[in-house]
Amino acid sequence: MSTVSIKPLADRVLVEPAAAEEKTAFGIIIPDTAKEKPQKGTVVAVGAGKKDEPITVKVGDTVLYGKYSGTEITVEGKDYLIMRESDIFAIV
Amino acid sequence: MSTVSIKPLADRVLVEPAAAEEKTAFGIIIPDTAKEKPQKGTVVAVGAGKKDEPITVKVGDTVLYGKYSGTEITVEGKDYLIMRESDIFAIV
Amino acid sequence: MSTVSIKPLADRVLVEPAAAEEKTAFGIIIPDTAKEKPQKGTVVAVGAGKKDEPITVKVGDTVLYGKYSGTEITVEGKDYLIMRESDIFAIV
Amino acid sequence: MSTVSIKPLADRVLVEPAAAEEKTAFGIIIPDTAKEKPQKGTVVAVGAGKKDEPITVKVGDTVLYGKYSGTEITVEGKDYLIMRESDIFAIV
Amino acid sequence: MSTVSIKPLADRVLVEPAAAEEKTAFGIIIPDTAKEKPQKGTVVAVGAGKKDEPITVKVGDTVLYGKYSGTEITVEGKDYLIMRESDIFAIV
Amino acid sequence: MSTVSIKPLADRVLVEPAAAEEKTAFGIIIPDTAKEKPQKGTVVAVGAGKKDEPITVKVGDTVLYGKYSGTEITVEGKDYLIMRESDIFAIV
Amino acid sequence: MSTVSIKPLADRVLVEPAAAEEKTAFGIIIPDTAKEKPQKGTVVAVGAGKKDEPITVKVGDTVLYGKYSGTEITVEGKDYLIMRESDIFAIV
């Protein structure tokens, strides 16, 4: 897991996408149709949440998210995705 | 029913789709137009619910849901659907 | 009226559509343009309602609903419609 | 005014459309472009209203409504419209 | 100003449009692009307002409104517009 | 700054657009792509605000607003724009 | 960082975009597809926030925002973007 000096705003979360086609300790395989773009990643930074809606995921969580979720951003040469927490389906 | 180590977020539910064309103890037959893609499944994991909206379905419930509901996800070689609880029509 | 072991979720209602072209005791005739698909039926199961919005219709009520309301579902060889209560216009 | 045994749900209202081209005691003439389909009618049944939004119109009120408002329904051989109260512009 | 026996519902207002191209005491000239259809008129009837949103305009107010606001209605041979108060821009 | 006898309703504001291409005391130049239609103007009248949302701008404020904001209106031979306060970006 | 005499309204923020292709102390490189239009900038003025939603970013913060966020505005010959705070993804 990387550490970055970015502070997402409100309900946003910074995610480091897992390498495509990898197989985790939990044995999750990315379905064929999604191989080009991983849908799994690690949370590296979270926002402060919105009024009455605290953030649920924590830094270090491995999360599943929609194929087209988030905006790509490059920090120190690495690619990240910044997305709203509601774009995250589950913690694995 | 499978057991999985996935924790859906908020109002999301992980469902293991029933095999197509099966006939349950309740005698429910999937209508012809839906044979290719079952609309019935078993809840295998549920989220913590949203503020003031607790999750109603429980792990083990057999549920009916829309033909195009949810996002496909593969865990340990098995296919699941992750959907919002509001995509579920009824418990059978 | 049929009895079924289906429990609709939240504000959903299970309706057994009346046979097309029938004439009820109240003399209601389905308009010509709707003959292929009846817009009248009997409530056979209701959900628990939503927060602050209890269900108004009861099992056994004959209801009128929009021609394209609800999702078709087959239980023990009979066709039903599962719809939101807001899709129901009136009790007859 | 007709009497019918229909109970509209929530904020719905059952209206008996006035005959096209008629001239009321108030001298209201349906504009030319609307002659085929009257926009005036009499309320014959009202729903119980919604939470915090009681129904304003009463059975017997002559009301004006949009040309494309409501859903047609035939009861005992007569045509009615069932619409939401918000589709009604004014009481005349 | 005309008087009419119409009672608009909720946040609706009945407006008698000013004759096209007229010049008021305030010297307001309808802009060229709107000459065919005046955007100025006199309030002749107002609804009771909605919950927590009382009606601001009064009968007799000269108001400005959008070119395509409201629905035309003919009462005793005169043309009126029935619109929501939110369609009114200003009192002149 | 002009004075006008118009009273905008609710959250609406009457703005006198600045002449195109002008340079203010603050040195603000309208960007090239907007030269034909100024995006800067002076507030000449404000509404009473909406429930819980008082109007922030005051008569006399120089404001910046979107190129397509508001509706044109001519009063005593001068052109104004009437817009919602939310169409105003900033006070300069 | 520039200082400007502009006061954004409500939840709006004035941002001075960073020069394209620059590399900050934090080593953030704008991704290739965005080189023409930087997505990073410095907050130079903030609004007073909306009811129950105070502004989170402060003048001087370096922020990341969407490629198409905000409206361009030129003040004293320099280009700025005025955007809603919700268009800002993160503080770096």
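Letters A, B, C, D, E, F and G mark the chains as written, and numbering starts fresh at 1 in each.
The criterion applied here is as follows: contacts are C-beta pairs under 8 Å (C-beta built on N, C-alpha and C of every residue); 3 or more make two chains touch, one makes a residue touch a chain.
Here is each chain with its UniProt name: A, B, C, D, E, F, G = Co-chaperonin GroES.
These numbers were taken from a predicted model, which means no experiment stands behind them.
A.B. asks: Please report the smallest number of touch steps linking chain C (Co-chaperonin GroES) to chain G (Co-chaperonin GroES).
C.D. replies: Shortest path length, in steps: 3.
A.B. asks: Do chain B (Co-chaperonin GroES) and chain C (Co-chaperonin GroES) face each other with the same patch, meaning over half of the contact numbers show up on both, or with different patches?
C.D. replies: Because under half of the interface numbers appear in both copies, chain C (Co-chaperonin GroES) and chain B (Co-chaperonin GroES) meet with different residues.
A.B. asks: Measuring centre to centre with CA averages, how many angstrom lie between chain B (Co-chaperonin GroES) and chain E (Co-chaperonin GroES)?
C.D. replies: Each chain reduced to its C-alpha mean, chain B (Co-chaperonin GroES) and chain E (Co-chaperonin GroES) end up 54 Å apart.
A.B. asks: Averaging over Cα atoms per chain, report the distance between chain E (Co-chaperonin GroES) and chain G (Co-chaperonin GroES) in Å.
C.D. replies: Chain E (Co-chaperonin GroES) and chain G (Co-chaperonin GroES) have C-alpha centres separated by 43 Å.
A.B. asks: Cα centroid separation between chain A (Co-chaperonin GroES) and chain B (Co-chaperonin GroES), in whole Å?
C.D. replies: One centre to the other, that is 24 Å.
A.B. asks: Residues of chain E (Co-chaperonin GroES) touching 2+ other chains?
C.D. replies: In chain E (Co-chaperonin GroES), nothing touches at least two other chains.
A.B. asks: So with touch defined the way it is at the top, what topology do the chains form here? Options are line, ring, star, complete, other.
C.D. replies: Drawn as a graph, the chains make one closed cycle, so a ring.
A.B. asks: Chain E (Co-chaperonin GroES) touches which residues of chain D (Co-chaperonin GroES) in the complex?
C.D. replies: Contact set of chain D (Co-chaperonin GroES) toward chain E (Co-chaperonin GroES): 26-31, 39, 52-53, 56-57, 64, 66, 85-86, 88-92.
A.B. asks: Which chain B (Co-chaperonin GroES) residues qualify as touching chain A (Co-chaperonin GroES) in the complex?
C.D. replies: Counting only chain B (Co-chaperonin GroES), the residues touching chain A (Co-chaperonin GroES) are 5-10, 12, 14, 45, 47-48, 51, 71-77, 79, 82.
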